[in-house]
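The chains carry the letters A, B and C, assigned in the order they are written, with residues numbered from 1 in each.
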Amino acid sequence: MIADIIWDSLQLVRASQPLIHNITNFVVMNNTANVLLSIGASPVMIHSIDEVEDFVGISQALVVNIGTLYSEQVAACKLAAIRAVSINVPWILDPVGAGSTPYRMAAAISLARIKPKVIRGNGSEIMNLAEQHSSGHGKGVDSLHSSSVALDAAQHLASSIGTTVAVTGEVDYVTDGCRVTAVENGHPLMKLVTGLGCSATAMIGAFLAVEADAFTAAVAGLTVLGIAGEIAAECSLGPGTLQVALLDTLYSLDEKVLKKRCKCKELSKVLS
Amino acid sequence: MIADIIWDSLQLVRASQPLIHNITNFVVMNNTANVLLSIGASPVMIHSIDEVEDFVGISQALVVNIGTLYSEQVAACKLAAIRAVSINVPWILDPVGAGSTPYRMAAAISLARIKPKVIRGNGSEIMNLAEQHSSGHGKGVDSLHSSSVALDAAQHLASSIGTTVAVTGEVDYVTDGCRVTAVENGHPLMKLVTGLGCSATAMIGAFLAVEADAFTAAVAGLTVLGIAGEIAAECSLGPGTLQVALLDTLYSLDEKVLKKRCKCKELSKVLS
Amino acid sequence: MIADIIWDSLQLVRASQPLIHNITNFVVMNNTANVLLSIGASPVMIHSIDEVEDFVGISQALVVNIGTLYSEQVAACKLAAIRAVSINVPWILDPVGAGSTPYRMAAAISLARIKPKVIRGNGSEIMNLAEQHSSGHGKGVDSLHSSSVALDAAQHLASSIGTTVAVTGEVDYVTDGCRVTAVENGHPLMKLVTGLGCSATAMIGAFLAVEADAFTAAVAGLTVLGIAGEIAAECSLGPGTLQVALLDTLYSLDEKVLKKRCKCKELSKVLS
């Protein structure tokens, strides 16, 4: 059962406290660190071009997020990702806002080429990235709100790069081009807290540190965050209390609750 | 009634979810994004000189805050503001700490010259800026704590630049050089949460996106934040719970409460 | 009694609201500002090389933290620290991650040479710094978890630089090379909130602004944070509520509670 595997992975994170190196945006650095601490990981946020390569060498996973990118940080992301690949440290890319400006699109594309184990984005980001990797087949990005279109793009992107793609939204989808799993946990109020998508990426990073199969790590990260988010939302008055309760819930999440609430569904391959 | 106008504007923000481009300081990025999400706006925090101009083009308002300025960010602020003016995207300036160092004063002055729709600051900041724009009339900034002196400076600054100036303190004042409105909402405990002045600026930015009259947008932003802050403070144990309750209150603020608590007063013109 | 001195110092902070200039990392800027506001200080977070020297001139203490260092920020830290020493503004160094990369080690060493009044770090950081200052005596850093080893390193570092060293962990130790005080306040849950070590450094900075003896300021800062942290932890469900309750508790901490909970112990000199 997938819920058993997720629980075992969470126990591994809690027991091994993996060091997760984050090069992330300035909006969510604090939240991201706290989310990682709450599930038992050891976050480090380091982005200087003068030390990121050294730091990758002592980390169990690397998280790269381009939310507030600038030229020196893009260079730091590339240096860290290249080193990660060369020494077999798994890394995940969060292509925040891919497609919204040419600069951001170019940064996302060049990072995706460094072969992350996982790419996590919303529907628009994944469709914009997939578009660039479809080498002229020119499918338009017309249906930004159709999750089936986003899933289609995710499968193409996963296949063309050879990675796992997680596309998050009302329902989250994870695919490695062949396998597809839908994660139906989560709560609409989560959209009103800034950076929970970035938190999802960081959590997948923590699971990558303990789980060899990137597809499973992505499903685990999204499921645990989704479950904690829905529990937190159910006892919250709004986005303020939700953010606080989310950390408490991640910290105290137990086996019974996780297995009862887990809503992962394997889908048949639907690559068009 | 001003309370009706404010409520209608808040409803417009909630319905249209305007994209608000923030170039702001690193202390408050997270809070600012969450405050904007809580009132229904769509915040984006982007500051690279390589993309700010592109991003202004897809935004409904621009918020510029120099709290943790550095040379490249000042350039980004200028590029974004110039583009905003050229394509009629309203923008607001928060001249944090204007006057505390020569570098900061120079940055604030050069940004104010790009004609923001609104300038929002505390008494000292507004008086220091007004001083620089009074071209040698040389009134000293002696009475930093006198809100009537700050209002006088605000009116001069508004008139000389041709903008709306909001000066916040125990009582907030908004003026376009002719009209003056006092906003008496708020709570003393709000001063113990970092960045609520920056949140006020961002909220005015959100109202600028839906309200053509900048003066009204400024009154609306300050009133909504002040009301939410006083409700949050009344049920808080200190600055920690206040910050959390503020987001919940902004999220759930309804017509009845807003109209009952609204303490905006039109003042007669008192330009000296 | 040390508890009386600590209480008097806290009252001084609350009464004089000293301006604390922080050059700190991007993860904790918001928390640090809020912790300082909660104890009554006036935090400013400013890191541009174009104004840090000017700002030190109007501050009562300077806090330097290298958590997310990069070349320009290291320069800003050095400029600010040199100015602080030259005009007798007390400053404190938080050598975050000293020893984890060569770049970080070099930055920490060069800053420590500018003679901070206090250095605050965890056991590893202090031992790595002490190692570099022991000029080839080459004691290995083998027992990272032994607080007695860390205390030994702290005493050597304090003596060789001529400063006060605070090494925090399960038990905190403060030493100026001669005197040693152990602070046994705090709670294990505090480790799951990011940046409370950085908060400890900033709080010591606030006490440096009102207390001429740096050793006493360090003991006071650690004790007040430890007491507030244990009170907050006792009423928390996890790291989310702890962070919120910590600010509320710092804000409302009274004489009776502080004196009842204070667990500072003077140790005999044990320099090996």
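FYI, a contact is a pair of C-beta atoms (placed from the backbone, for glycine too) under 8 Å apart; a residue touches a chain by one contact, two chains touch by 3 or more.
Note that this is a predicted model, so its numbers are computed, not measured.
These two copies of the sequence, subunit A and subunit C, are related by a rotation of 120 degrees on CA atoms, to the nearest 5. Annotation: the subunit B:subunit C pair of sequence copies touches via predominantly different residues, less than half of the used numbers being shared. With centres defined as mean CA coordinates, subunit C is found 34 Å away from subunit B. Listed for subunit A are residues 26, 30, 243-244, each touching two or more other chains.
Those residues of subunit B lying in contact with subunit C across their complex are 25-28, 30-31, 67-71, 97, 100-104, 191-195, 236-241, 243-244.
Touching subunit B in their complex are the following residues of subunit C: 26, 29-30, 33-34, 37-38, 43-51, 54-55, 58, 72, 243-252.
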